[in-house]
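Below are two complexes that have chain A in common, paired first with chain B and then with chain C.
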Partner chain A sequence: MIIENEASAGTAESGDARVTVRPNKGGGLSLELRGPSATRYGEDIKAVAIATLSSLGVLDADVSIEEKGALDATIRARLSAAVGRAAGVVDIPWEVLA
Partner chain B sequence: MRLRRSMLFVPGNAPAMLRDAHIYGPDSVMFDLEDAVSPREKDAARHLVFRALKDYDYAGVERIVRINGLDSPYGLEDVQAVVAGGADAIRLPKTDSPEDVLAVEKAVEAAERRFGRPSGSVGLIAAIESARGILSAREIASSSPRLVAIAIGAEDFVTDMHTTRSADGVELLAARGMLVMAARAAGIMAIDTVFTGVDDEEGFLREARLAKQLGFDGKSVIHPSQIALLLSVYSPSEAELVKARRVIAAAADAEAKGSGVVSLDGKMIDKPIVERARRVLALAGEDQP
Partner chain C sequence: MIVNAVGRAVPAPEGGSAGVFSRASERAGSKVYDSLERALDAVGVESGMTVSFHHHFREGDLVVNAVVDALARRGVRDLVLAPSSLTTAHAPLIDRVKDGTIRSIRTSGLRGPLADAISAGLMDEPVLIHSHGGRARAIDSGEIKVDMAFLGVPACDERGNANGTAGRSACGSLGYAMVDARNAAKVVLLTEEILPYPLGPASIRQDQVDAIVRVDSVGDPAGIGKGATRMTRDPRELLIASSAARAIRAAGVVREGYSLQTGSGGASLAVVRFLREAMLELGVKASFALGGITSQLVRLHEEGLVGALLDTQSFDLDAARSLAANPGHREIDASYYANPARKGCAVDALDVVVLSAMEVDLDLNVNVITGSDGVIRGASGGHCDTAAGAALTVVVTPLIRGRIPSILDRVTTVVTPGESVDLLVTDRGIAVNPRRPELRETLEKAGLPIREVAWLKRLAESYTGAPRPVEFDDRIVGLVEYRDGTIIDAIRRPRASAL
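Then we have the complex of A and B:
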């Protein structure tokens, strides 16, 4: 998927994450993470995010994640939703998100 | 036999609630993509529910998803996400006719092929919420082999009937009766509507007892506190259990002797009594082969 616009998904509520995806044409993936788990689990969360982006074929994006104790499943869901919105894709290739 | 005494509604866009839904012990969790989710969050809720289905272990609790109608811009994509995620069943909102069921069945079949799930593995529950739907309940209930239950949605129904809900539920009596009969005739389950007074324990119990007495197999609930109340309504008493076990033992004894007549304490036991005893044991988790 190609990130055409800036888009967000999620909330700042406890147990959730707010994910924002911005275009970064030709610039690869850049990832910024903030939140209570960032210090301890930051590398794990980044790995989960990169795996999700790569399964969706996102090569260039500027991603920021503000997590409030969100589990991996929530971060992945908020990220794939934000990517869908930013790429303007309605019919998601669910099979690649397995 | 799978019991569906309690179906807990969980808003599809609430990550923490999706994760914890099963810990309160419902027979089924029902993730809601329809009325609980605003139009601008429909896509995000779909992603959350997909991941919850994929990633969380609900310890054997049935996982149902209420999708948006296929006549909305969201319904078809809901089906894709839910089938891909691995849901056990889909609940259709506002079912007015057998055609509504057949349309979802067709979409689910295509999605099963797309995502490599066995054909027929996703069940359907049709919620009936209008006068037209109640009058078609019989045809709806037998419209698809995928249907495991039909359910009544009271709020929309009473609005359609130009009335409101009351404490004794008289406005729903005919509809509940027709819905249960349609379910029984089709050999599927009947699920009662939600009770919205979360703090009104007495009112909830009154309504749940009425639904059980009418023949309903269970009830949709909107709050975890209502699950234990339903369990108390649907659990057989110790005396009922003891009697049911004795009836089943007597029936097994008669069968072993090749006798067609079952008797207990000098009284003949009719076939319906044996069947009711089986149901009592099933509700207590003592399933008979």
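Then we have the complex of A and C:
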């Protein structure tokens, strides 16, 4: 999936994450994570984000995640939604997300 | 023999002068100074001294920063700061550590930017964290020798009688300050109002006070109830509170004349509400409630459900008002409350205490001082004192906060040892200390959801995954004292999380 424009998903509520995806054409993946779980779960959250981007076929993107205690499923959902919006996806590929 | 001032022949005193009756009556107002600077001139300050403060204004305190700044301006250095606690209001002390005004800190609590900076290695000497009872023990025994106590009070009279209930900025109990006032070599009162003599009741007494300074404000009473004492509407905290109350009731504690304490924090405070319902249903009354007194406990007292309120710290303005109005609401000092080295303290008379926790481990050790990132952000308070004293110690915590599980293999920092914890109540089940098999049996028979601690930990991690350990380096930034003065744990500096 090609990231065409900047888009976000999620909120700053407890248990959620606000994920923002920006174009990074030819620059690969860059990932920034901030939040209260970063010390204990930073590596896990980043691994989930990378796996999600990979399953969506995103090769170039600048991703920032501000987590407020989100579990892995929430990270996946918010990141997928943000990627979809940033790539201008109209028909959501549910089978990829499953 | 010598002849004295009234013409009588009396034995000459050894080394002393005779014939003068020692001192003239103290002139009214002679202790009152019109500025902190003048008062400091009068009492004589010096580098290296130990200065103490109280935290009855909690987040609203204005005294500590003002006094330390005034001492810094006079070139005083190497202070040992011994306040009863420090809060986010005390961020400006970072600069006073950097410029050498403060050398060492001992306190019950530490939060906010100052706590962050100390965790990051601001101070050469580790901060010493003690409990309220441990602090009273150290000061009463002279282990901490307070050279000068700077005590903010809403009002006093011109000879130094003071309490926390008179005046515009009433903060309620002065329980921590009373220990300082009777032990410090010099006592300086900072007061908002000077009221007619004799002000009573005198929590701090004229015979303890060297100097009085009138200041515009010692603290913002609105800051007293901030943070720690909110009444929760969070359904999960209410669930935990109601389970805790059911367990306390099933354990047979809620009977005529029982006694209770509840800590600050959502679920712990909310237990009061459910215990009230149980007391009404069973038709029993408590003999006393202890500790930090909240509006919830005041309500029970005013309804006649709790006999006496023993108040070492008023947690909100309702409590401050009640202390002035209700004869059964009594101010007690921190030694009466929890000093383990004297001949008796009130925590030993507790039937049940409900306490919050940031982390609990498989041995039921409790951490209330360092966060999940290893950074200092809490207070020891009366946690280990009441846990040791109470017949039934109940620790309440949500199983998961955000993504962070509350139950770990080992807590980051031990404040309260697991041997003094009887029950761990979470939103997903209750664990009983293996030392209390009879209690476990009783609660199981009552149909309460009893689980092993390890089971609760696995359940949490089934949602969150196992947390990675915080990485620390070898630098010790804090020491945690148990109430008897032994060191129960050391707080190391967390390596900045590389992201």
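In this section, the second predicted complex is superposed on the first by the 98 of 98 C-alpha atoms of A that agree within 3 Å, B and C clash if a C-alpha of one lies under 4 Å from a C-alpha of the other, contacts with A are read in each partner's own complex, and residues count from 1 in each chain.
The rule is simple: a contact is a pair of C-beta atoms (placed from the backbone, for glycine too) under 8 Å apart; a residue touches a chain by one contact, two chains touch by 3 or more.
All figures in this text were calculated on a predicted structure; none of them were measured in a lab.
With the C-alpha superposition on chain A as described, chain C and chain B fit side by side in the combined arrangement.
In the superposition on chain A, contact is made by A:Thr39 with chain C only, not with chain B. Contact with both chain B and chain C is seen for A:Ala70 once the two complexes are overlaid on the shared chain. The partner that reaches more residues of chain A, of the two candidates chain B and chain C, is B.
Applying the stated contact rule after C-alpha superposition, one finds that A:Ala9 touches chain B and leaves chain C untouched.
When the two structures are aligned on the shared chain, A:Glu95 is found in touch with chain B, with no touch to chain C. When the two structures are aligned on their common chain, the gap between the nearest CA atoms of chain B and chain C comes to 9 Å.
Shared contact residues on chain A (touching chain B in one structure, chain C in the other): 14-15, 70-72. Those residues of chain A lying in contact with chain C across their complex are 14-15, 32-34, 36-44, 67-72. Residue ranges on chain A touching chain B, taken from their complex, read 9-10, 13-16, 70-74, 76-78, 80-81, 84-85, 90-92, 94-95, 97-98. Residues 372-374, 401-404, 463-465, 467-468, 470, 494, 497, 499 of chain C are the ones that touch chain A when the two sit in their complex. Residues of chain B that touch chain A in their complex: 15-16, 19, 43-44, 46-48, 50-52, 54-56, 77, 80-81, 84-85, 114-115.
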